[in-house]
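Please find the structures below.
Two complexes are shown next, each including chain A; its partner changes from chain B in the first to chain C in the second.
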Partner chain A sequence: MIHAENEMDKPEQEDGILFNLDENLKIVRNLFSESPDLFIRTFTIKQTQEQAALLFIDGLSDQQAINNDVLRPLQVHTEDGKPGDELMMTVGHIIEESRWSQIEISLLHGSSVLLVDGRDKAYALGTGGWPQRAIEDPQMEASLKGAHQGFVETSGQNIAMIRRYIPNRELKMRRLIVGRRGQTNVTLLYLADVMNPELLRSMEERIQKIDVDVILNTGELSELIEDNPYSLFPQFVLTERPDSAASQILQGRCVVVVDRSPSVLVAPVSFYSFFQSIDDYSTRWSIATFLRLLRLFAFITAAFLPAFFIAVTSFHIEIIPLKLLLTLGESRGQVPFPPFVEAILMEITLEMLREAGVRLPAPVGQTVGIVGGIVLGQAVVQAGLISNVMVIVVAFTAISSFILPNYDMVAAVRLIRFILMILASLFGFVGIIIGLMTMIAHLLTLKSLGMPYGNPLAPVRFSDWKDTIVRAPLWLLNKRPTSTLAKQDTTQSNDKPEEGKP
Partner chain B sequence: MRRTTIYVCAILAAASIFASACSDQLYLENAATPLALGMDLDKNDKFHFYGTVPVFSKNIKKKSQEIAGTAESLRQSRSFQDAQTAGTIQGRNYQVILLGRRLLQQEDWFAMLDVLFRDARNTITDRMIAVDGQVKDVIYLNPPDQPLMPILLRGMVDTKTKRSETYSTTAQELHRQFFDKGVTPYIAEIKITNKQVQLKGSALLNAKGKYAMSLNAQETVLLSILQKQADPGFSMSYRIPGKPLKGPFETDMLSFTGGKLKTKIKSGYENGRFTFDIHIKTKIGLSEHLFPVNVAQDAKKLEKQASALMEKQIEGLIQKMQKHRLDPIGLGVYARAKQYKQYIKVEEDWPEAFSHAVVNIKVELSIAAMGPVK
Partner chain C sequence: MINTEKNSITSMQFIFIISGIQISVAVLSLPRKLAEAAGTDGLLALPLGYLLNLLCGYIIIMVMRKSSEKSLYDTLSKTMGAWVAKGFSLLLAFYFLHLMYDGLVRAILIVKTWLMPNTQGYVLMILLLFPAYKIALGGPRILGRYAELVTVISCWLPFVYLFTLKYAHWLNLLPLFKDGFLPVLTAVKATIYPSLGIIAVFILYPYLQKKEKAVSALVISNSITMSVYIFITTICFIYYSPHESTVFNDPIISILKTIEFRFIERIEIPFISFYLFVFSLVWIPCMYIASFCISQVFGLSDHRFPLRALVIVLAIGTFFYLPTYNQSDKIELWLARFGFCIEYILPSLLLVYLTLYKRFHRRAAS
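Up next, the complex of A and B:
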């Protein structure tokens, strides 16, 4: 992006638009050779009797707008004018350009460009209209009580959706362009009077440093600006919910909207952000607290249960309670594989099923579920290949990992599970403990946009505990989280609602 | 350069992890985990061991395999035990340890259990059970209408311990009782009658581990009361003297359920003898009386009668224990705490000193409930 700017800043003779229309068109045809989707329409402007050419790319611009708002007013004879007059067009967004590099970008982003004979500037008309998808329920982060609008692939619409939640002039934006070829619009949204300027500058610098061809997705951007890209854990929350994004902005975080991508990036976040869902705030605080604890428990079981099973059955049989020992022994006794092989087989099968289900269309996806449920759940046990306790363990693990609201965190847990399983099969409980300690140590050193990942448990920030593992009643959450270093820390001043009297 | 070093280190670390691993890996299905260990002496005083190993297979009807043999010691016999099963014998899941009567009639048999404590892989939470008879009979009993013998015995001992009718003395607890000089050991006791395992109550051992006497269920409850171990809910029955007998039924029976106990033990030393004043106070609920009585009126009288009977039984129990040189109550612990100067002189042979001690018992029962019928 910086390179592109530098090139543009050079005052080059060839870059400027000439007065002669024919020569200009020659340059255009030269620039866009072998681009049959570039349309050039030449005509005479009735108003000023000048020769003109309208350039646009098929499919990227709105045909209706070009016909009705550009071509018609220019070709219908109105009052007489002289060459050089302001042209009559019913388009809201007109930019005068005088450099070919600018015109090129405008054209490629969907604007139509009007070249007029005898003028050394062109008009970039905002007639962009590319294929768009309707706003739908977010797929990855469905919510029960939250809004049913998810982000789409147009950053303008996404920003508008966020602005609907925060109609405040302090909601500021910084627009950056990323990618040499992609020229992706990346917009940084934040509350100017809340967001910590240091964090904002850090984010901006990181985005500006990116030098790639193109960014297709927010995930790519996130990998390029992460604090520790080698870590298994995601360091930014990617969300496709405008209400979550707005809520994060209000807490003093910044949101990065990437054009052409239906998810936005939130920073800085902590480990516990991945266990929160927007529904937590619309359900009663007690049930929300319960759900958050349940998710943390699910995280632990999803990561540790198969490893624990392996460790117990291959090292520590003495800790199995007597009655369980008999059942376990009976079901393990007929299995031809050692516990580790058995567990790995089942876990890999589960991962395959999950991956197969993601790619397949919904009607076929159901078949996968049936095959997985019946063939693997039942037949494998009856054939004596896998013990039924192992099937239960795998099923429990799968359910636990589905509880976690964030896909990136689930993905991390899936990998951690395999590492722990290997450690458990080699060293038993000692291995699991080593894995656990390493994981905790790693989590403690991890950072998200320079802020500690373990916030607010490490470093301890008591005031933030009200809205991390538990969700305290809303009237107690009067402060913004300290982990965002917000400039303005009070959000509200509510008291407990009074008991109503008629 | 630095990056290469890191890679090399990582590969070396991974390789060494995979190469080393833990050597004592043992899959559940490869382990033979005997749930019961039996120890006994035969007629020629030769040491025998027994074990019950659960069999993990759906196709084999008999759920357990018994192993047995003679040996000099438990660990020395391990290879011989291994030779009898498909897996390797692990002492990690013992539920019960059965001790034959003939073994218990010897002194110093406790040393045979050394391997249980010294090899930390072995469990020490297994319940110690004395068998009135031969261990062989219990191990090979395999009644078709009962769960596996170790499970049956463990359940039997655990549930009855809740009612204070026996002791669930673990190997660890037995170890403590042996090494605490102020107390003598006590363990659960079973007997085979009519091819059925029956819980007899408890067996009291002397300081050297030799079997001394047995207590039935009610006596065990009384001992538990003296030990302050009895939980509320224990049940006792007495025949009240002077009540009429009708027909073949013993209609002079009174049963009651004890509440929370307050047992106070005061120790002293007078005239060269230790003295102990034991004051037992509890509220009881009548659970059965086969004779007509107006409890509302005669409560005081009934309370006195029951207290006297209980007092008498406890006194008898203590006399018997003194005769056998036993102190399972652990009065030596009280003496050590309060009369240390005197105690330390007789510490090495506390049961002997206890046999000369004066023990005064006072029982105070008060009827708190008489049941919902008149």
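Up next, the complex of A and C:
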């Protein structure tokens, strides 16, 4: 009680470390009451004959490092010294702390803390070693020719992976702490001589404004700093790939690495960023262009095809040529539902199958495929509940949405599809066009970190088309995109490779 | 009063906004009107109309150059007094409301006739107002981007018309000047309604990034408009016989009936739905400009409130009354007269006034 009162009276003085080790340990035990995972090891330093205590949290720190690099050098008698001497430790990362608040943070982040009797400062030793997984192939963004390293849950490693791609001193970082309880390390990476400083400042301000308990994931961060959180469209790219992140940084964007999260956030981006994949640059430009156009087409079919089908079959049956109409009539003839109900049933089934497949473990997941494919696909048609054509439409939609390389965009498309289906069932083609118009209106007003989201189609910037809608040969891509307002806009001065002469 | 920095538009956006206002719904009936006035010679009236438009556009730009303040409204309130400026804004607001209403009603009538005969007019109106409100709220910059985007996604439309060339009779066009020069001159009158919209420069000019290129931008936009008109009219005249051209209400749509693909019949149905994008290029900018002018009249800080009021009034108003085709034709007729006064006569008067004012003012000052 007395201790608490003292703290109230003069908190600043109490925040500092005392000279007396026993007093200090008492404070520690008080701060970390009911934390059985805090270990306190008291011993005598052989070198200086001082009493010392080593504090660390079990599981957050590397036992090997503590034993070999801290305890052993301190307890083995080497040369004589006097109290107050520099201590012999073979640890690279040592910070002297003199405030309890800082010591608390270091301890909770995995450092071990050495308190020495008679010294009013503590040593935070970088012996952190928490449970980590190995670096693996990124699951959400697998690539054929790109690197097979994905981000992990430790921001230090993630930053190192990005730095491996850009070993340049202009790659700068800003470290911010987010979350009152979580104290998450959030690092902003950018190229100082390329990134537009205003965009950077805007990003930093947005992150600093966040006032939450904890951020568990990059997704949470992105929702908290988005320009328009009500929008269906993602406004930042989240990637698991270090090579994509590095390539985005080189284009003049900034990357936000969140500790404990395996994906990083890229800003500012545009609508087309979600249609690019890192493989586009490692394959031949012709096929990459084809794939990009294919993805755009897939986006359109994934969003519009069921709505189009509903509109045609329930409003504009006259646009179907006779032969096709006969085939369609044969298939739809015995279906008891109107097209909209039919489509909604199948689409919801598809969404359920997809969601079921995501969570289930792989061996059970196969059953889902069988149930979905055979039982629903075939039986429903044979029972005459759903027409063949509808199954084809739904399957085509599903395939289209699998082509899109970004999960967040696919999620947006899934919702847009339902809205358009409702509009089409009410107003036919006019409904679809109104939906499209509203979507365009929304995309036009949407921004990502203050930059227009519709770039380079709205506003039209022809110079950016060669690396968005198509992928021109690399020697033509010598300018950074205008959408990032980069300070330095030329990236290369390559000429077309000359034809070899025999 | 207005923030032009954050809302500036590029020359390309400027071009497409102006062309969009001009083309949109007007293109539908243009061949019929030209044919009514001068048969196939109506085609020859288009270049004449083009020259007239260039002149009028040049005068409008000159007025804007002469106006020393940021916007024309400020100039007028400085030179003629606040009430005259307010009156001028009100006049413009009325004009653009007229233009907008004409466009909306035309679009709704066309959709009703061709696509959704059973849907109530006000339902269509509400549907159309939804995206329009969202875009008009964004101001000139968003309008510009919308106009650009619509131009990009609808540039395939003219190519579909080339499929009608199968049935073309080029001889329909000959001889030139069959009835002399006079019918051609009267047909120029028919080109006025499809050229309305240049006056939007009065509002958009302050937002233009490169003001020194305004003249060339206006020339380009008028050239785009005219080439679209010439293309469409030629297609209609060589497809329909000279007498047939006047029979169809909207020959541009009727002509599509003849196009047929293996995979799609009655191509005009998806076509008209897609045309809504092109039609929207008239009412969305006009909606913005009208509500902007109203906000100037009442001295409001931005156009949001007038825009909201406008949208609500339109939605409720259509519930009670929607003009028929004939009434809409009358609206168009009035619009052509109103537009002639506003777009061709008013700028010249303004130019004369501003020139004289400057001269006298300078003399008075020295």
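Definition applied: the second predicted complex is superposed on the first by the 490 of 502 C-alpha atoms of A that agree within 3 Å, B and C clash if a C-alpha of one lies under 4 Å from a C-alpha of the other, contacts with A are read in each partner's own complex, and residues count from 1 in each chain.
Keep in mind that, in the parts below, a residue touches a chain if its C-beta (ideal position, glycine included) is under 8 Å from a C-beta of that chain, and two chains touch if they have at least 3 such contacts.
This one's a predicted model, so the numbers in the text were calculated from it and none came from an experiment.
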item	value
Room on chain A for both chain B and chain C (clash or fit)	fit
Contacts of A:W465 with chain B and chain C, given as first, second, both or neither	neither
Contacts of A:Y407 with chain B and chain C, given as first, second, both or neither	neither
Contacts of A:L326 with chain B and chain C, given as first, second, both or neither	first
Touched partner set for A:V430, first chain B, second chain C, both or neither	both
First (chain B), second (chain C), both or neither touched by A:T438	second
Touching partner for A:F32 - first (chain B), second (chain C), both, neither	neither
First (chain B), second (chain C), both or neither touched by A:Q334	first
Angular separation of chain B and chain C about chain A, which is computed from CA centres of the superposed model and rounded to the nearest 10 °	40
Which superposed partner A:F418 touches (first chain B, second chain C, both, neither)	neither
Which of chain B and chain C A:E318 touches, first, second, both or neither	both
Shortest CA-CA distance in Å separating chain B from chain C in the superposed model	5
Chain B and chain C contact sites that coincide on chain A, given as residue numbers	315, 318, 320, 322, 427-428, 430-431
Chain A-touching residues of chain B, taken from the complex the two chains share	17-18, 21-22, 24-29, 31, 33, 35, 54, 56-58, 90, 92-93, 95, 121, 123, 148, 150-151, 154
Touch list for chain A against partner chain B, complex	312-315, 317-318, 320, 322-323, 325-326, 328-330, 332-335, 338-339, 426-428, 430-431
Residues of chain C defined as touching chain A within the complex	10, 12-13, 111, 115-116, 119, 123-124, 127-128, 130-131, 134-135, 137-138, 142, 144-146, 148-149, 152, 262-267, 269-270, 273-274, 276-277, 280
Touch list for chain A against partner chain C, complex	315-316, 318-322, 324, 427-434, 437-438, 440-442, 444-445, 452, 454, 457-460
